[in-house]
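Let me begin by handing over the structure; questions about it come next.
Residue numbering begins at 1 within each chain, and the chains themselves are lettered A, B, C, D, E and F in the order written.
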Amino acid sequence: MSEDADAEDLTHTTDEGDVQMVDVGDKPDTNRRAVAAGEIRLQPSTIEAIRDDQVGKGDVLATARIGAIQAVKHTWETIPMCHQIPITNVDTDFDLREDRIECEVAVETTGKTGCEMEALEGVTTGLNVVWDMVKAVEKDNEGQYPETGIESVRVLEKEKRPEQE
Amino acid sequence: MSEDADAEDLTHTTDEGDVQMVDVGDKPDTNRRAVAAGEIRLQPSTIEAIRDDQVGKGDVLATARIGAIQAVKHTWETIPMCHQIPITNVDTDFDLREDRIECEVAVETTGKTGCEMEALEGVTTGLNVVWDMVKAVEKDNEGQYPETGIESVRVLEKEKRPEQE
Amino acid sequence: MSEDADAEDLTHTTDEGDVQMVDVGDKPDTNRRAVAAGEIRLQPSTIEAIRDDQVGKGDVLATARIGAIQAVKHTWETIPMCHQIPITNVDTDFDLREDRIECEVAVETTGKTGCEMEALEGVTTGLNVVWDMVKAVEKDNEGQYPETGIESVRVLEKEKRPEQE
Amino acid sequence: MSEDADAEDLTHTTDEGDVQMVDVGDKPDTNRRAVAAGEIRLQPSTIEAIRDDQVGKGDVLATARIGAIQAVKHTWETIPMCHQIPITNVDTDFDLREDRIECEVAVETTGKTGCEMEALEGVTTGLNVVWDMVKAVEKDNEGQYPETGIESVRVLEKEKRPEQE
Amino acid sequence: MSEDADAEDLTHTTDEGDVQMVDVGDKPDTNRRAVAAGEIRLQPSTIEAIRDDQVGKGDVLATARIGAIQAVKHTWETIPMCHQIPITNVDTDFDLREDRIECEVAVETTGKTGCEMEALEGVTTGLNVVWDMVKAVEKDNEGQYPETGIESVRVLEKEKRPEQE
Amino acid sequence: MSEDADAEDLTHTTDEGDVQMVDVGDKPDTNRRAVAAGEIRLQPSTIEAIRDDQVGKGDVLATARIGAIQAVKHTWETIPMCHQIPITNVDTDFDLREDRIECEVAVETTGKTGCEMEALEGVTTGLNVVWDMVKAVEKDNEGQYPETGIESVRVLEKEKRPEQE
């Protein structure tokens, strides 16, 4: 557990255990950046289909990028205790490997609180969109997904530096 | 790849590779159910804190449940090619283990298309909400999350049966 | 407490106390109607201003009507445990009295669950929009609202009848 | 009517009566706070059920808190003429009395306009969520709500002070 | 003016001129389809850039397709008096001409009311997304858009046929 | 193509053609204003009906104004690559001509990026709302709209000046 005494150490619950937002009114505006990553395990034939444009001329990943970016911007309504912060940049990267797609989302803000939840929302939504786009080729004969899965969703880095004036 | 020739085998891209919704206009209304699951790896002390009400009197998981349910209902806007379907039931289950929380979300609909994306959205959002609620106690001294991660997001089952008339 | 044993008697919490949606999958489609009402207490001069078009040529109430109708349609996202149901009709009525405006909202649906929450959301939002539209003339010299208030928000009637086939 | 000549005295309608937003572009960023309150009248047995955890282990009020907080953040879309302002803090307080629950919501912002509408939206939505959570036990044998009502929704205080630089 | 006496002839205003939704509760579920079209006038060099993948490998149009589809699904909240209807299919077509892009959006529903507003929202949003994607190359040296414009937004066809049972 | 080398010249696609948001983190807060316009061609009898209050006592245009203002505020979710910027003012103007309604929307922001997309979204949505409000009187006997159309949607002006400190 962190010994770092900044206001973000406060939890989203009061001493009585009631859920609450964190008061960020006294926190300065800061340039903040967070990077999250994760991957979706797919059949090699599905990866091949995406790579060879059999599934689409890039629209699978274009759709996933847009889903990820929109999810980043919507985090304040998806995660109940998140504040709405001004997102200044979102970078999405999808890397096709033999049997998986790795997704990395970097988010930047000038707001009063960190943006790791925004980056995580971008990653999990981006991977869910990929799943949605390849449903037909990933399902087995019973309509199940025995080989599909989302793994290794994590925060790669988080940093802040005072805003340049 | 499935040899099951129902309309869901169609992908979200045209033969030319353009992204598209799937036409479900000729599909009958069907009772459908999908169950997805996943887990978030946390420090044992964080699990202990949740269990002993140190983090909150249940509000951590109550917030995660609500986040999951709302995410299920919002899937049609989060996942670009999803249809809006009438959700008739959502069951959320959070199971505290020694070093992780397992989350299972079951979704039922009477609509014209399956609801596995809704269940997956419920699971990933529910787990992200847990992450948000325990951020302060999971972060290390540098504000990073070396031990936190979301794993094993998968579809446990998917079924449909014709609506009883 | 009601002795009427239909499925709506189930609460939004499980036996263990966890929040949950109610399963409506086995409930038939039914024509349902709910009417809610409420009022906002205003200064007579404010009422006069609205009536004499001093505040606007009807746009105060037009804006309140639209706010109420949109709130009805958004109830499934505003009230966490509500289902999304097909709203077939919304009637809004605003009645100017000497020192208050009475608002009545009737909602009709063909869905599987009642629509009293939709009607209540329409009333409270409609009254809040009125408040917003007359803020400038209701505030006292200190910027406070000593005489403004929303009262008597209630469900006037609720009924259902099987859908005509 | 206020003689205080600040820009908020402008109404949401033009001289011709057309609805409009208020121009806040020349207003400074200010720390602002507004507190609203209201209450829902319930049967003593319902209050008892909430208090004794018969309705739920706190999830009734946890759900109401979350509904209130989300409503505060969504005010700019619910109330048509409201600006989107950066919400820095939301405090929700629910107080169980013998035959009613009192709800108080405090909202803070660093924006260019006041946040009393946000506080009011938090209160009315929080109370509507309570209503939704106890529907089954408040309804009488005919499915009506003769004893349930929302009352005394009001702004308790509103203040602003220049942002500390 | 139409002499066709079906319920859609009712306007969104009462006899007193108050805005209202149209009651569709007694209308049968019907398979309905509407097609709208429009075009955006662009500089030939911009069209060339899109065609030659200088602006992007298809992502300009993929983004426009997704924007159009999402706009179709959101029409019930964008157009205040629209009902939420079940969209079963959306087809988007973007045709690059020498100095313009033509966009056609077909929408299908099984609901109780027509979907021409959904098709129109798809077209105007799709064209606005194209504008957004090529802003940098369409602006002149003063940052103005002297040659860019959206034209000829119209409903190409509208039809309904009773649902097959 | 513009030779103006400011950061807005960057497109929404990377060198590899992937869709992306533009990084605005290093751009200063600036007072910006954009004005867009467009028109809807209607039958003279429809214009007459609106003017003579036959269609409604102003509620047609009040609804269009509100639709336009809400669309401006929602641009960041409607146009996938748009940032969410603080809107400080929206002016809507609807001008009834013999056979058309001209709509002009001016938007002001203090954000890090321009607001012409917000103004365009206001215009196209405002005109679509007008269409929706007069559907019944514009349709011909076959339910088609041979004479209705949206034309001349354009950006009239765009300017920025450094924020006064």
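General remarks:
Just so it is clear, contacts are C-beta pairs under 8 Å (C-beta built on N, C-alpha and C of every residue); 3 or more make two chains touch, one makes a residue touch a chain.
Keep in mind that this is a model prediction, so the values were computed, not measured.
Common partners of subunit A and subunit B, by the touch rule above, are D, E. Taking each chain's centre as the mean of its CA atoms, A is the chain most distant from subunit C.
Where subunit B touches subunit C, under half of the residue numbers in use are shared by the two copies, so each contributes mostly different positions. Farthest chain from subunit F (centres taken as the mean of C-alpha atoms): B.
Note on interfaces B-E and E-F: more C-beta pairs are in contact across E-F. In this entry, A-F is the pair from E-F, A-B or A-F that repeats the interface of D-F, since more than half of their contact pairs coincide by residue number.
Rounded to whole angstrom units, the spacing between the C-alpha centres of subunit A and subunit E is 30. Remark: subunit D and subunit E have CA centroids separated by 36 Å (rounded to whole angstrom).
Among the residues of subunit E, those in touch with two or more other chains are 17-19, 57-59, 62-63, 65-66, 70, 74, 80-81, 84. Contacting chain pairs (ordered by label): A-B, A-D, A-E, A-F, B-C, B-D, B-E, C-D, C-E, C-F, D-F, E-F.
The touching residues of subunit A, counted against subunit B in their complex, run 1-4, 8-13, 16-19, 38, 43, 45, 53, 55-60, 62-63, 66-67, 70-71, 74, 78-82, 114, 116-117, 120-121, 124-125, 127-129, 131-137, 139-145, 148-155, 157-158. The touching residues of subunit D, when paired with subunit F in their complex, are 17-25, 76-77, 80-81, 83-85, 111-112.
By the touch criterion given at the top, residues 31, 58, 61-62, 65-66, 69-70, 73-74, 84, 86-92, 108, 110 of subunit E touch subunit B in their complex. Within the complex formed with subunit E, the residues of subunit A that make contact are 57-59, 62-63, 65-66.
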